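What follows is a pair of complexes built around chain A, which joins chain B in one and chain C in the other.
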Partner chain A sequence: MTSQNPTAERRIRIPRPVYGLAAILAIVAVAGFTTPSFATLDNLFVVIRAASLTGIVAIGMSYITISGNLFALSASSLGALLAVLFALITAQFGFAAGVVLTLLLAGVSGVAQGVAISLIGNPIITTLAFGTVFRGLAALLSGNSILRIESDLALWIGTARPLGIPTQSWAFVVAALLSWFVIRHLKLGREIVLCGANPQAAIASGLRVGMVTSVACIALSTGVAIMAMLTVSQFSQAKADLFMGYDFDYIAAVLVGGIALRGGRGSPLQAALGAILIALLQNFMLLNGFSAGLRMTIVGFLVVVSISLFHVLQGKSR
Partner chain B sequence: MLVMTDIVKRYGPTLVLDGVGLAVKAGEVMALMGENGAGKSTLVKILAGIEPSDQGRIEIDGKPVAIRSPGQARAAGVGYVAQELSIIDSLSVAENVFLGDSSIGIMRSAAKLAEMARPYLDRVGLDYVDPLALAENYSVAERQLIEIARLLSRKARIAILDEPTAALSESEIIRVKAAVRAIAADGCAVIYVTHRMPEVFELTNRVTVLRNGKSFAPMETATLSIDTLIEAMLGRQLGKMFPPRAARLGAEAVRLESCMTPGLKAPVSLSVRSGEILALAGQVGSGASTILRLLAGVTPLGSGAIFLEGNAYAPKSVADGIASKVVYCSDDRKRDGIFAVRSVPENLSAPALSAISRFQLLSGSLEKGHIRSIAAKFGLDERYFSRLAGNLSGGNQQKVALGKWIGLNPKLLLVEEPTRGVDVGARAEIYKHLRELADGGLSIIFASSDTQEVLGLADRIATFFHGQLVQVVAADTATAESLTRDVTRAEQAA
Partner chain C sequence: MTLKMTLAIAASLVAGLAASAAYAESKGSVVVFVPSSTNPYIGQFQLGAKDKAKELGYDVKVIENNFNQAEQDSQVQQQLASGEQVAGYVWWPFENAAGVASLRALSQSGAPVIVSNQYPIKGTEAFWTAYAGANDFLSGKTAAEILLEACAKAEIKCDKGAIIRFPAGVSAGDDRATGFQDAVKGKLTVLDVVPTAGFLEDEGYKVAAQIIPAHKGELTWLYTENDSLAGAAAQAAKENGLTPGKDIFIVGGTCHGDSKHVKSGEIAGTAIQSGYWEGWMAVQALGKYVAQGKVVDGEKYLEGTPDAAPSDADPLYKYNFLPNPAVGNTQAAYDAAKLWGKTADQLCNF
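For the complex of A and B:
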């Protein structure tokens, strides 16, 4: 039924995360009916566990996108470098020193990339170059060999399941909520959003665009550091070719989550949902024995479809 | 020559054009006027084949024509110069003149093309322009004239000019007007969309007013006055466009002493008192807007000194200016005045994030109070709070761009082109609110190329020419003629 009264003119806005949730429900429904082993509680934990590490980095990546800097292509290489550094420091000075120094170095790499992006003006090129530097440093520092650590605490962090849920999933949930809170409720978060929406207007309003870019890079680096430390802890080892080729996964989660490429819109929660959505799809395809090539094709296709879909939806809301 | 009847156009549930008619004779310049959203642009876009109409007839020379695409419009002899110029910088002037003309083979030599472009360029007053030079070497006004030359090259018999002078200064407008007169004299029927009153009276033969998607019978321009025309556009008594001037002024708020900065050719000394509105009048490049950017902290002070309420003031950045409560609104609000994809409240609180936060945490109640007080001071309807700034009309966008500064309780408000792209009704409102703020003790300096605005809004007028301050006069002693003479004075002396 359509109503013609004037109050009906005000369009009800559907928040973007709702599309992501709807897509997740759709996949769960279809997969649940067709694949008996899919809709079990155990499998749900498996999916969230699978989404966790990618999701943590995607949440950090969403800061880059929302702040108007498109994407960073250095996340996977930085992950390898931080993993190597974490392993070296932990082996030498213990786990606590490893965590603190790795986070600190992640912050430094974030500031360095942020400043460089502000100077060069192109985040893609800048982070591509930084990625090569990071991967090279990781190879140098590790001497291209496998670094092992022996730390019970690390092993516990990497493999424990408090309340039956893996630490990785806890970290994912906490990171998602914290990031959402920063964007939504902190002055800094509003500044990030406004700088992404229109950097020129942000400068004209006295906002600190350069600082915001660095903060976004630090957010990503922190996510990468957490991923690296959790991975090294779980397997008690690190090497320079870790996370090779993962950059697309992080970016795909951001895109499938529906965060606008142009910046200034969206929430880190969307990146988290995007990561879960891709993990669900991957899991469903694995359970049905899809080949690796087919899985890759379908995920890539999903990214194309979701970008196009969000583009159309955005055009309509104008 | 051209008769459009009963044109209807809907966008979704909104009826934009509700049975509009427009008739233009050969050799005549017809002004098409109306507030923003009245449907002017939609109507001319239908004629130009850019938008399809839902209903209606178009006849040219008594024969009905179907115009559904720009190509059909061109074939029917309709030429269209859009608000956004379609000049390609990296092509030569001649290539721009013949852009999109399929009768010109791609093998035509540059020299031949230049020779072909020559008469059209001459006709629009660009006889000194080298057709082989790249278009990027020429000013906005010259590019506008190149667009008109393009219409001529296509043998357009109906020329649509959509706000051709919106971005031009007074002396550049004179050149566009001359070109328009020239093509009308050649028998072209000209449809001239504009917001600027002086042009209507100097240039056009008749005026068609659109209001709320309806058209009114054309009026002979000679029988109209500015007031009757504005009232026809608004559909109500306007009272007066401009509020009364300041009754009394406060102490000196800002003083510039022999200031030099890139863009100026001679040191400038000026002062503004609290509660005063000072207009800076001048053509593009005259230095008028340089003074605003200098005070705002965009351009650094070369030599000389600035005093803000008696204290030395030398901002190194926009943030410095804001910290000293000196705020600046540029003439390009889409570029740096608003955050188009964010909501109106987020726009209004953008420069005041510290004021609406407690311990780095945004406070919803502080923000609400902040934006409500701005909305009240600037006549911004709270219904718009749920909208994105980019979805507002030009007038409301300008209110947001200006209003966001009011929340900071600034001492000095610097505005470049305060009402560019703003319709008549919203314009009068903005003038009223600016005057109210000045009466509350704010000093305002604005630069404008709109003579009416300079004369009507300011208490005093500083005229600039070629990077120099010419003189400062009381606004009530200035006239449109004296002002035009001042801002172009060396041109006339030469």
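For the complex of A and C:
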């Protein structure tokens, strides 16, 4: 079969992550020239450290978006609940038990949300409701008090810098690469992409869409658990009001990274790049004394521009 | 059958009389409007309010909002629409300025209204009976005094520094920053005032880890508005090769967070701002008004005595401020610190 439009075949398709990289380079160039303290190696590590915890959750969130379920609005509340559970378990049974049981409980919460989304059919409403349940449970279990842990191993993990790089940043890099590998090279990853691209076709092909949704939710819960455990380990304490208002940051990283809102397109690496891009911008604004209101406005504007830009590009590539 | 019925009626009457007696013992309900107790400080506030109400013979109804002024406004409307007769209200608005309409509505009910935690906005005096709570200007001033004392004893230069403050729009953050800046005027140079996105360690760390390297070699002090943020700043300073208490002086000014940074000397000192006593004194103020029926013009800084709590017989002023006594940055000083019969550990580690 010959193409009806030979010019379309000759058109070079620029991979989406390239847009993210280009935006990062643009910010680095502008900030490097205008802000003396920006373009230093120390500051680069600071930015990656600042992006790490948001990035780890955004990577998990990218599974939800790619699988065609938009977003989960329960991530920050689940983070608070898992932080409280991790602190309670670690204080009682030690650090190893804390890590294992927190990850298990994160998995259970992922399955519960996945099943509920499959039954209800609306990921936004479902996860919003779950978020309220998680935050309430965190308050009940913590007794509205600060839970402290005394664990040298936890403190080391929360504050160490192997090879001069914070553990949070190592975890971020490993999570990004591992998640990219799953989506790109494993059958499970391809199923997630297929379900997001066309759920009806996926069902007709015999794919278990409900199971894929649960896997995506487990991926997010795992990212949230890692973020919660690293935070509790760093400060040796947990509270029920941790991570309040962070959901927008996770979603913004996914959107700015250029993952298709309707699902079926994108990679966790893009979410990681989105988190770094936002952290770079935040760092630039902080160093230049931008007010909090202006910082919020600019990040919000960046999200709107990103969605619009990628929507236009998606339309052209059809 | 008749005997059974008689016994049942008798039992009902006894139960009813007992309930009436219990009701008669209560002086009525105090309705406390506060943000969510998922914030441990607010949890302590509620505890103090309940303890004092019980002591004075009031019932307490706490109405929490999820850090949302619109929700709190709606709660006020529902409470007023219920027509419930109350002994009075304790009003802790989530957003001070945005909550003025609800404050006015409460005052129009005729019941006394005690404002707490958020320093009342000028021009709203007619809408509330008395203010009983923290004075954030004083908190900032106390933190400045702790820092100036540390600087005076320092062997290194102590001049330029930065303020890491609460999120924009939080009036307590504005007031603390103002109190601090007024007290250090002409003595210290403020290079930067950077707001965080929250009140806890993770947010404090995020900001401190970025501004410390950006001002490398310049920063000699940091004021962070509470000890949670101060502890995180101390951690960020150490990661940047600075020894807190030696190369850089950090002060939070309110004991909210992990006390180990104070006890170890990493933080220059702290002050007791107790959520428990703030809730307690808000209900005490209401009790005073009900008992005495008058408010003295002017302001009163309640005495920060170590053992005895202030008497219910003392007059109620228009402004009644919670003391926030300074605490030194050693284990011994922390162990010895007390306010109104409770230790710093009891009041700060909640």
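Here, the second predicted complex is superposed on the first by the 309 of 318 C-alpha atoms of A that agree within 3 Å, B and C clash if a C-alpha of one lies under 4 Å from a C-alpha of the other, contacts with A are read in each partner's own complex, and residues count from 1 in each chain.
Rule of thumb we're sticking to: contacts are C-beta pairs under 8 Å (C-beta built on N, C-alpha and C of every residue); 3 or more make two chains touch, one makes a residue touch a chain.
Quantities reported herein were computed from a predicted structural model and do not represent experimental measurements.
Undergrad: Both complexes share chain A, so when I overlay them there, do chain B and chain C fit or clash?
TA: fit
Undergrad: First (chain B), second (chain C), both or neither: which does A:E150 touch?
TA: Once the two structures are laid over each other on A, A:E150 reaches no partner at all.
Undergrad: Residues of chain A touched: more by chain B or chain C?
TA: C
Undergrad: So, does A:T159 touch the first partner chain B, the second partner chain C, both, or neither?
TA: A:T159 sits against chain C, while chain B stays out of touch.
Undergrad: How many degrees, to the nearest 10, separate the directions from chain A's C-alpha centre towards those of chain B and chain C?
TA: Placing chain A at the corner, the angle measures out to 130 degrees.
Undergrad: Is A:R49 contacted by the first partner chain B, the second partner chain C, both or neither?
TA: second
Undergrad: Examine A:L188 and indicate which partner it touches, taking first as chain B and second as chain C; both and neither are also allowed.
TA: After superposing on A, A:L188 lies in contact with chain B but is clear of chain C.
Undergrad: Quick check for you: in the superposed arrangement, does A:T40 touch first (chain B), second (chain C), both or neither?
TA: In the superposition, A:T40 contacts chain C only.
Undergrad: Just checking: does A:S291 make contact with chain B only, chain C only, both, or neither of them? Give me first, second, both or neither.
TA: second
Undergrad: Just to be sure I read the superposition right, which of the two partners does A:R135 touch: chain B = first, chain C = second, or both, or neither?
TA: second
Undergrad: Touching A:F235 in the superposition: chain B (first), chain C (second), both, neither?
TA: The answer is second: A:F235 touches chain C but not chain B.
Undergrad: Scan A:G245 for contacts with chain B and chain C and give back first, second, both or neither.
TA: Touch status of A:G245: second partner only.
Undergrad: Please work out how little space separates the C-alpha atoms of chain B and chain C at their nearest point after superposition, in whole Å.
TA: 36
Undergrad: Could you give the residue numbers on chain A that contact chain B in one complex and chain C in the other?
TA: none
Undergrad: If you look only at chain C, which of its residues touch chain A in the complex?
TA: Interface residues on chain C, with respect to chain A: 36-40, 42-43, 67, 167-168, 192, 194-195, 197-198, 200-202, 205-207, 209-211, 213-216, 231-232, 235, 239-240, 257-258, 349-350.
Undergrad: Spell out the residues on chain A that touch chain C in their complex, using ranges where they run on.
TA: 37, 40, 42-43, 46, 49-50, 53, 135, 138-139, 143-146, 148, 159, 161, 231, 234-237, 239-245, 283, 286-287, 289, 291-293
Undergrad: Using the touch definition from the top, list the residues of chain A that touch chain B in their complex.
TA: Spelled out, the residues of chain A in touch with chain B are 9-10, 185-191, 193-194, 197-198, 200-208, 260, 262, 264-265, 318.
Undergrad: Spell out the residues on chain B that touch chain A in their complex, using ranges where they run on.
TA: Residues of chain B touching chain A: 13, 318-319, 321-323, 328, 330, 335-342, 346, 350-351, 353-354, 357, 360-362, 386, 390-391, 404.
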